[in-house]
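My questions all concern the structure below.
Chain lettering (A, B, C and D) follows the sequence in which the chains are written, and residue indices restart at 1 in each chain.
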Amino acid sequence: MGCIRVGALFALIVAGALALTTAVPAPARADDSTIVFGAALAATGSNAREGALTKAGYDFWKDYVNAHGGMKVGGKTYKVDIKYYDDESNPQTAARLVERLVSEDHVNFILGPYGSANSATAAAAVERLKVPMVEGNGAAASIFSQGYKYTFAVLAPGFKYLQGILEMARTLKPAPKTVAISTANDTFSVEVGQGAADYATAHGMQVVYQNKYPADTTDVSAIVSAIKATNADIVLNGGHLDEALLLQRTFKEQDVNAKIFGYSVGPDTPDFRKTLGKDADWVFGGTQWSPTAKYQGAPGFIGDSKVYAAQFQKKYGYIPEYHNAESTAACLAFMYAIEKAGTLDPQKVRDALQNLDVVTFYGILKFDSRGINVYKPMAVNQIQHGQLMTVWPLGVQNAKPMYPTPAWSAR
Amino acid sequence: MGGITGNATALRVTVGILVLLAFVPLLHNGYYENLGRSVLMFATLSLGWNLIGGYTGYVSFGNVAFFGLGAYTSAALWQHWHQQSLLVAVLCAIVVGVVFAAVLGLPILRLRGHYFAIATLGMALALQEIVANIDWLGAGAGYAVRPLDAYSSYYVAMWIVCAGSMLATYLIARSKLGYAFVAIRENEEAAAVLGVDPTRYKVIAWAIGAAMAAAAGAVFAGANGFIDPPTAFATDSNVFPIVMALLGGVGTVAGPLIGAIILTAINESLWSRFPQIHTLFFGAVIVLVVVFLPRGLLWLLDTRGGWRAVAATLGAYRV
Amino acid sequence: MSEAFLTIEDVEMHFGGLHALDGVSFEVERGSVTGLIGPNGSGKTTLMNCVSGVCKPTRGSVRFHGRRIADVPTYAVCRLGIARTFQVVKPFANLTVRENVAVGAMYGRNGRERGARASFERAQELCEIVGLSHLAGRLASELTVPGRKRLELAKALALDPEVLLLDEVMAGLNATEVDEALRLLRTVNEGGVTLIVVEHLMKAIASISTTIVVLAEGKKIAQGAPAEVLASPQVIEAYLGSRYAARQRQSPP
Amino acid sequence: MLFWQDLVNGILVGGIFAVVALGFSLVWGIMNIINLAHGAFIMMGAYTAYVLFATWHVDPFLSIPIGFVLLYAFGYCIQRFVINYVVRAPLLTTFLLTFGLSLLIVNVALLIFHGDTKGITTSYSGANFSIGAVTVGWTKLWTLLVALAITAIMHVWLSSSRTGRAIRAMALDIDAAQLTGVRVSHLYAVVFGLGAGLAGAAGVLISLSYSLQPSMGDPFVITAFVCCVLGGLGTVQGALVGGLVYGVLESFGAQYIGTGLQDAVALVVLLLVLIVRPRGILGKVTA
């Protein structure tokens, strides 16, 4: 008696659950005159904010291309569309969603997620699915250490992030000699810190402090007091926005003075300047791109950074930072490669990407055998009286670096 | 109906579903295979937790530590010895998991209740930090793991690990070992007087659970393609299995897998419809399950308790 | 006679300043039934705890087959052959009656030889012996107080003990239930199991015990055959206070 | 030279940890509930201070009482209408319930405030003074003083006020307290409200020194637990001592063992204390 009733009820519940999963609407493929890109981007979780910036960069390109007559591939013109899923800033979820975009939603190509760990799992997935992926926000070299052929990153690799600042420092008088480096203990930041340390020792500077802190630390006073003891000329950090704010505040609080304060992430984002106010002045930031960078892009898209920045601000209401620009650049890489390949066949588009060599508003897009854009130089920004100015390299400079940074008491 | 396996009909239906899940690779659909592997992985973690948390009554919040260790064992095998075979990875992971569980278990299992729960949480977090500072294991940067070309073998391996864990739980629940665990849960002093050595059997329960978690971790590392401390010791892999066991039925054989299927289904269907607020929904699901189903779905259906017992228990929890 | 079966040597138990047991010594022969009586708070249950290894005496020792019980961990005491019931009953609430008893059968003295199935069969037998066979499938939490006392007894017997300590097993039972319990204890004793019975029911104790030990304020004040001990003035005084004992002396029954 | 600076850093940060631990210790000591949503309450307190500061330029130190009252009300309602239904359930239930609540609150905050990082920079933030080689930030010093004040107030209130005594009686034995006319469901809500209120106050203090984003509160739950275990459960002073000891421990651990292992050191100490002396430094023997 009990068993049959129980069994039936129970089977119903489980069947209902399975149906829920499969009932997920697998949207029919849009008509074949549209190229569909898939992107698993963080809408929730720790990367929620950067995910939104990446989405803005992708969408800006999509709307621009559709407004200007779409893309011409092998004599046929195509509209462009992008399908998004939220990967919750979780690497496993990113990989599963890439699988879904390809095998469920049948997208043509994949645009990368935000963050190095997510890009790494997505790279493993696209390698299997044999669908090319171009990403603009995963700079860790470990992604490219497995000999993957289907993943390309338009941004300069992680180890170059802080090198621009050191390169600039060598040209300044009085030349700074000692360097202190702190990094968050995660894939990307560790590489940024190591890149800076290698460059410093290779160019006659002395690394007096190099240490890691837990990725989501809430207290950096121990690091700051140790750095204060070394009184290094250049104080660099490879990490995230939270630590950049925390460090800059604690430097002031413990009266730590240096000729240069440099961060890999932070100065570029408006939050950094808004939160710290005048305490943000004089700070240097390693950056992939800035609105004032002077590159002359190839035809087919906006060639000049200033025009890109203006149109972006008109559309989204804020001046674009490098997260937006590198995401748009990822789309540009696909655009030029597809038009050159003249077909939507993934294999041919992949080959076109491998041999791509084009200059855009974001700088040169060219990939080495591993898929890394080693040819792209890093720029250096500095916050001068609340304004973000590009101060290095000379070719793209729109202000001279203000050096050396005065003591906290003298500000 | 001997044994503490939980409702027999539910068990038969669940085993049926497990067999059905074995055919997913034939669909040749990457998304369903990935989803199925995730269900099997969480079910295995939930079964592992169920032994110590469900049967023995010691709520552990640190089983993700063994999952992480399993993942790192497999990743290290690839990074340093270029060993990609899943069998070797799973076996090594099980050994590492059991050794760690025994060594850490002896001191920690002397604690009880909240102290034990938070000690295990502290253990998992400390292990994540420590691994993040060991260069041999890739430190904070972690490293990529090149998956096997025959990618479906990861699905099959995860299925075998999950089926093995469920079979082990079933055999334990029908054997003397299961009764030692349950006696400790019900009343540790009375169990000792009846000849059950609490420390020994608690460590055994934890070690078997650790072996299951480590095996799941080993298969996950290859399938995921990348391992770093936050991925290997993720909070989700720590808490989801517990909620799944609770939803399905704590202290039963079928509960964990049922919980895993239902929770993944809810999570997956919420996703595509409400990308923005699906984690918020998930929080709401946990609150509802805990308040209205404190002993899980199977306990509701369990002929032993019946509806009267449900109402009585809910009443007893109120203030 | 082989070395002493079960000896209690000068056992003291201090809880802070309180001396629950103050130097108690006596021996128990194999196969005997020792009644342990005394007013409330005389240290009976504390002595039982020391004998069953649940707590370790502050001074002195309890030896079984010559081995000090204190050295043996709690869970191993039952494998030596000592089993006990608890005054405050401790069943496994969410397990059935049969499963409760089965745990004892699995981990008791001969537990190692029995598989799960054999343990269940043994448990069913014991349920019949103690008269719980009709409730064997019910949850232990559904039993009444007398039912739980029977369950305690069954669980203790499941350990195949040589010595069985019964802590007020018959408290709360009506007259017929007491007689049934006494009959049951006699059959168990005839089966070769030595009994130590703690009870307040004088009639029950007198009828079943071979010797009686009387405790008062942690000291042994009398030991001997039931009739002789129950009539002794010190025992009466200890129980009923000096005035009653004085009147008793002037006009014996 | 570094030693003194680290000691001072440790004590200053210990002040914040103490206030964080205070609310947590009350809820755990009295109601035997581990409140995993404590971090979310801290975040709510911090955002209250941020909103008040950003819109009406209310100085964070003034918004401590506001944060306390808001969170007290919020905590009172959650206990009264949600947690009271399962407060006597096994540990697993209350543990997961508060985890679910935490997920809910954090994600609601994410919806309202989005993911971007905010911060409060007052005119005096970063101001500091030096005694010899040791530099002390005024903000952190004031935070420590406020923390000591809050602990003192709580101690006095718990030991002398009528409600305080009723709560302590309830902690000893619910049923006995109920017999003497203590309205347990109300008092439970008061205690949980107090716990949440103190978390709110801690959140305001934290908003002065740390940056704000929806999941900022989570690391503080473990901190709160470690402080309670170190200091000993059930006493207000226990949380304070635990907080200060933990602050110094973390500071020295970071400096002398390795900044990368900062959290690991504290967690290993937690495990040792749990195993060697579960009652903590000041704690009385709990059941």
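The rule is simple: a contact is a pair of C-beta atoms (placed from the backbone, for glycine too) under 8 Å apart; a residue touches a chain by one contact, two chains touch by 3 or more.
Values in this document were obtained by computation on a predicted structure and should not be read as measured data.
Centroid distances built from C-alpha atoms place C farthest away from subunit A.
A count of contacting C-beta pairs for A-B and for B-C identifies A-B as the more extensively joined pair.
Inter-chain centre distance (subunit A to subunit D, centres taken as mean C-alpha positions): 36 Å. Annotation: 44 Å between the Cα-based centres of subunit B and subunit C. One simple way to say how far apart two chains are is to compare their mean CA positions; for subunit B and subunit D this gives 31 Å. For subunit B, the set of residues touching two or more other chains reads 129, 132-133, 140, 276, 279. Within subunit A, contacts with two or more other chains are made by residues 44, 185, 212, 214. Residue numbers of subunit C whose C-beta contacts span two or more other chains: none are found. Shown here, the protein chains touch in an arrangement that is not a line, ring, star or fully connected set. Interface note: chains touch in the pairs A-B, A-D, B-C, B-D. Of all the residues in subunit A, the ones that touch subunit D in their complex are 44, 46-49, 52, 182, 185, 211-214, 216-219, 221-223, 225-226, 228-229, 241-242, 245-246, 249, 252-255, 271, 275-277, 279, 408. Residue ranges of subunit C in contact with subunit B, taken from their complex: 52, 54, 73-79, 84, 86, 90-95, 99, 102-104, 106-108, 111, 115-117, 119-120, 139, 155, 158-159.
The touching residues of subunit B, when paired with subunit D in their complex, are 53, 59, 61, 107-108, 110-111, 113-115, 117-119, 121-123, 125-126, 129-130, 132-133, 140, 239, 242-243, 246, 250, 276-277, 279-280, 282-287, 289-291, 294, 314, 316-319.
Across the complex, subunit A is touched by residues 7-10, 12-14, 17, 29-31, 33-35, 38, 129, 132-133, 139-144, 146-147, 151, 220, 224-226, 228, 230-231, 234, 236, 258, 261-262, 264-266, 268-269, 271-272, 275-276, 278-279, 297, 301, 303 of subunit B. For subunit B in complex with subunit C, the touching residues are 2, 4, 174-176, 179-180, 182-183, 186-187, 189-198, 304.
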